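Presented below is the structure to which this report refers.
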Amino acid sequence: MPVAHVRSGDVLQVHTEDCFAGLVRGPADLPSRVCRMPYLNPVSGPFFVEDAEPGDTLAIHLAAITPARDWGVSSTFPHFGALTFTSHTATLQPPLDERVWVYDIDRQSGTVRFRATETDHYVDLPLDPMIGTIGVAPGGFEARSTIVPDVHGGNLDTPELRPGTTLYLGVNVHGAMLALGDGHARQGEGEACGVGVEIATVTTLTIEVIKGVSTVWPRLETDREIMSIGCARPLEDAYRIAQRDLIAWTAELTGLDDLDAYQLVSQAGRAPIGNVCDPNYTVLAAIDKALLPASAPVGGYGALHARLRQCAAELR
Amino acid sequence: MPVAHVRSGDVLQVHTEDCFAGLVRGPADLPSRVCRMPYLNPVSGPFFVEDAEPGDTLAIHLAAITPARDWGVSSTFPHFGALTFTSHTATLQPPLDERVWVYDIDRQSGTVRFRATETDHYVDLPLDPMIGTIGVAPGGFEARSTIVPDVHGGNLDTPELRPGTTLYLGVNVHGAMLALGDGHARQGEGEACGVGVEIATVTTLTIEVIKGVSTVWPRLETDREIMSIGCARPLEDAYRIAQRDLIAWTAELTGLDDLDAYQLVSQAGRAPIGNVCDPNYTVLAAIDKALLPASAPVGGYGALHARLRQCAAELR
Amino acid sequence: MPVAHVRSGDVLQVHTEDCFAGLVRGPADLPSRVCRMPYLNPVSGPFFVEDAEPGDTLAIHLAAITPARDWGVSSTFPHFGALTFTSHTATLQPPLDERVWVYDIDRQSGTVRFRATETDHYVDLPLDPMIGTIGVAPGGFEARSTIVPDVHGGNLDTPELRPGTTLYLGVNVHGAMLALGDGHARQGEGEACGVGVEIATVTTLTIEVIKGVSTVWPRLETDREIMSIGCARPLEDAYRIAQRDLIAWTAELTGLDDLDAYQLVSQAGRAPIGNVCDPNYTVLAAIDKALLPASAPVGGYGALHARLRQCAAELR
Amino acid sequence: MPVAHVRSGDVLQVHTEDCFAGLVRGPADLPSRVCRMPYLNPVSGPFFVEDAEPGDTLAIHLAAITPARDWGVSSTFPHFGALTFTSHTATLQPPLDERVWVYDIDRQSGTVRFRATETDHYVDLPLDPMIGTIGVAPGGFEARSTIVPDVHGGNLDTPELRPGTTLYLGVNVHGAMLALGDGHARQGEGEACGVGVEIATVTTLTIEVIKGVSTVWPRLETDREIMSIGCARPLEDAYRIAQRDLIAWTAELTGLDDLDAYQLVSQAGRAPIGNVCDPNYTVLAAIDKALLPASAPVGGYGALHARLRQCAAELR
């Protein structure tokens, strides 16, 4: 059941809890002890978006992501992460030790302090807040865990979901049913240990319904780039999906045929890895907008990103 | 048989041909017609490095990579590339059309001009020269095609192999037997179509033998980062290898234990994709040197990179 | 909503439609034309099983699977199958031609006749009826498409689901919610083209609730073997899951420790591939019951299979 | 350098050592202690085959494989095997314990006795001798470790390489350079722990050069089936390769077009897994010869298998 009804053009300020539901606060709060499956990775929502129908696209602009507390937390987690035996990459070895790291967040200096657990080593990393999980309801009568990234968005876990980014998601059900959570103060590419610097946030976003324009895989737009997101295993399939979607998008914006667009993206594209730990891995494909015709409206999405940026700037 | 004998500390200026042996010069020179397997991807060398023995590391600093001509070339290639049926990702579909793209290289402006083949669209991309293939002889009595990236280096195909980078490779045989080639005026992450903007180059490099220090997977150092390279299929194994090697390297430099280093790299690391088309895919794991103790010599490699940088600067 | 309430010990006779809902009946009935997504792979059910609660196991014995018609049908399907570009193994090639094959089923002779579409070649294959899709409701508040095989069963697509087999599934929700469909007159290992010889069936099954015994991955028992089923991508993870589950099961039945059981299964196990086309691939791990202690009740499942076999024999 | 020159039609009796070079004889002989890399998996040969040239096919019929001793040996091996952290599926966990199992081989009863190391459990498995590694020299100026299976054969590790099987390998270099070793008293599908029941053997084989007939991937023929072998990672690519090669072979023998042959193999094919532990995994694709036209000579290979069978029978 939706927690609120919203309209195209609305600005939302959403409080999100961290992926542990706020229950992991110190070294003794081992996730496997204090959390109970499947109650991990809670999201705020769903928001029913008026006039959003299957076949439309929902544009979500991340105007601001503010850590709600002055700390974040990370951990290892039994049978989860890229460098451990998991339920699916099943081996006979015992799991890695479960350990919790608490980070100090200093919003003034824009830093996140990593403190080693076994030595007194510490180092400040740049604060770079992002939303790990944001999506709409899946189609085909499915309901998916919030741990899963797929065509409906979900647990995309990419640092590109930072303030200033617009996310385009295809609408699958009447009202779209938008939800978000799983803020990270920052994460590395791949989220190797399976857990970012997990934070509660206050996230400000604006939404727009783009009628009659469908979107298959999640897409992003920043001031500098357009990006497609592939969600799959193995990792090369996530790469392929993202490349293919970006090639189609580039072809649409430039009038190039598929092979010419394949060539351009092959030479000019970035391919940042999102996660290598979730039920689907995520890889992005990005191309600089400066390489696209200046006059090109960004696909069926038009000049929407610029407008949402303007709108976000006025909020401040 | 080695083409020359060199010593630790030597500066080499090496002429390299492009991956097509210079035979593809225009739209009619389809690679499958003008090239003959396995005579693709020729390398210059091997150079016998005096005093390089198994168990040592060979440091190779790329001082300069200069395009040898004012053009580069790319193509699709039957059954090769990330978005096509290949000999190994075997399907029943016909191959993609084979097509050649010729790029103008303007060293003055630092650009590479992409021209569409089917329309009159063109766009200038930044010139960013790199060496695609650089390696030593493999160990274990093996001989590998120059198309293969693996622990001995080889066809690593990552844009990070640009001027200013130091590459560390473990020595497997007496004399190391260094060889290089396959220059690219630039390439995107993943080299999706299987071919970069292929160029002949004049490449200047300095080499050093680091005695008694072994290196398992290829490693890079730039002014800003240290990086490990994983070579494997599927792509997640390349990611795992690179992450694990960088975690070990980070642990060595910081005194962190494995789990603390896992945590730090998980939050702070980059994971750029090299290629998703060669017999082994390549993924890098990188961490900013600013996050490592200032006093840390870079592994057994000491302050070598800084010294090689200095040396390269004096060459200009 | 359940279509019927059943009890432990009940015998069910279930009519199942084929995966195309009976709409593909001849060469002109191309699936992409006559079927509408997501209305593929319809199942009969769900059946609410009295007294089945999360933490229990549902044992389903396949007593008989009878083709409901004297024909079956198969096809290629755009972007589906192991040897074609798919939505996830995304390439730039056009899809394979869509084609329909109609098979004659001769129950007397126990054969299925393959007729080529482009020549007059035909050949009779053994009739070997099986159920492709059988499962309970997934846990964790998820709802999954019937096209997906996973821990809850579903689209397992293995020829081992033939008459005489007992399937063990963990119960995830109150009442289990059993459903089945997608009969095949036969299929090859891997179901390479993505479609078996699809048939409507009359399937007779007996069910039992095993209280307080949990089952993680789907398991099978025949007169000759016990088997575990792994569902995952890439295919090696499906293999790993199945092997690991069978090793645990073998250890339980023999008193071997994990490494001894690993050794025994490594030398004695079969590993039949189920499907290499569905959202999760399936691989089985099987060991001959003759290699297990004669006195061993089959896990927490006891002598249930023998009893269900007896029960099935009495039905005839 | 070849150990002997042989001719088409010759019968060879070859003594092969086990994969540990006979150095592992009891529980205390841990492979990582008594063996030295890369001196694992020794092969007997190479044999120079007169008149075998690139473009020809070498047919090798396994007439007999006799265990040379009354024991075999298996083990876990650090960082090797399907259910453990490896050099490539790299995790941060410690390796599994290294342990040795010694098997009694009873040729009279045709059994291999597994004895648990931690309990007094034992069980007799059927003796089913096979050759793990058999191949010719690779092409393209490569030299490969005997641990690698690929187009040249090598460490195929499939139980199908038992007496009565004919193996077809494409010749890559003048004289073919045939070598073999790595006998197993038996192995399970996938060779999960990475090691079969390793034995020294006396292997009898007959060879024939098929002039002017090229073979890309290794192929097998038994009295009952023809089979193609795919060697690749991930496992689904090994599956794809084998299926595609068998489809082409089936099309050639039946006159079916590719899609009709795809359909037939999809419904009638077996897909036994060879290994899931070596540098390339192996999967086979098999179809019953009874489903092929009786008159069909088996590809370019003609009635060779029958003739070699006859020849082998006369040897006894």
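Order of writing sets the chain letters: A, B, C and D. Residues in each chain are counted from 1.
In the analysis below, a contact is a pair of C-beta atoms (placed from the backbone, for glycine too) under 8 Å apart; a residue touches a chain by one contact, two chains touch by 3 or more.
In this text the structure is predicted, and so the values were computed from the model without any measurement.
Engineer: Common contacts of chain A and chain C?
Structural biologist: B, D
Engineer: Which chain pair is joined by more contacting C-beta pairs, A-B or A-D?
Structural biologist: Spelling it out, more C-beta pairs touch across A-B than across the other pair.
Engineer: Comparing centres built from CA atoms, which chain ends up most distant from chain B?
Structural biologist: Result for max centroid distance from chain B is chain C.
Engineer: Could you tell me the distance, in whole angstrom, between the mean C-alpha positions of chain B and chain D?
Structural biologist: The separation of the two C-alpha centroids amounts to 35 Å.
Engineer: Could you state the distance in Å from the CA-based centre of chain A to that of chain B?
Structural biologist: Computed from C-alpha means, the inter-chain centre distance equals 31 Å.
Engineer: Report the inter-chain centroid distance for chain A and chain D in whole angstrom, where each centroid is the mean of the CA atoms.
Structural biologist: Each chain reduced to its C-alpha mean, chain A and chain D end up 46 Å apart.
Engineer: Residue numbers in chain A touching 2 or more other chains?
Structural biologist: Only 83, 89-92, 96, 233-234, 240, 243-244, 247, 259, 262 qualify.
Engineer: Report the residues of chain D in contact with chain B in the complex, numbered from low to high.
Structural biologist: Spelled out, the residues of chain D in touch with chain B are 37-38, 87-92, 139-145, 230, 232-234, 237, 240-241, 243-245, 247, 258-259, 262.
Engineer: Which chain A residues qualify as touching chain D in the complex?
Structural biologist: Going by the criterion above, the answer is residues 83-85, 89-96, 234.
Engineer: Once bound in the complex, which stretches of chain B touch chain A?
Structural biologist: Residues in contact with chain A: 74, 76, 82-83, 96-97, 99, 101, 112, 114, 116-119, 121, 123, 125, 186-193, 195-197, 233-236, 239-240, 243-244, 247, 254-257, 259-260, 262-273, 276, 281, 283, 291, 293.
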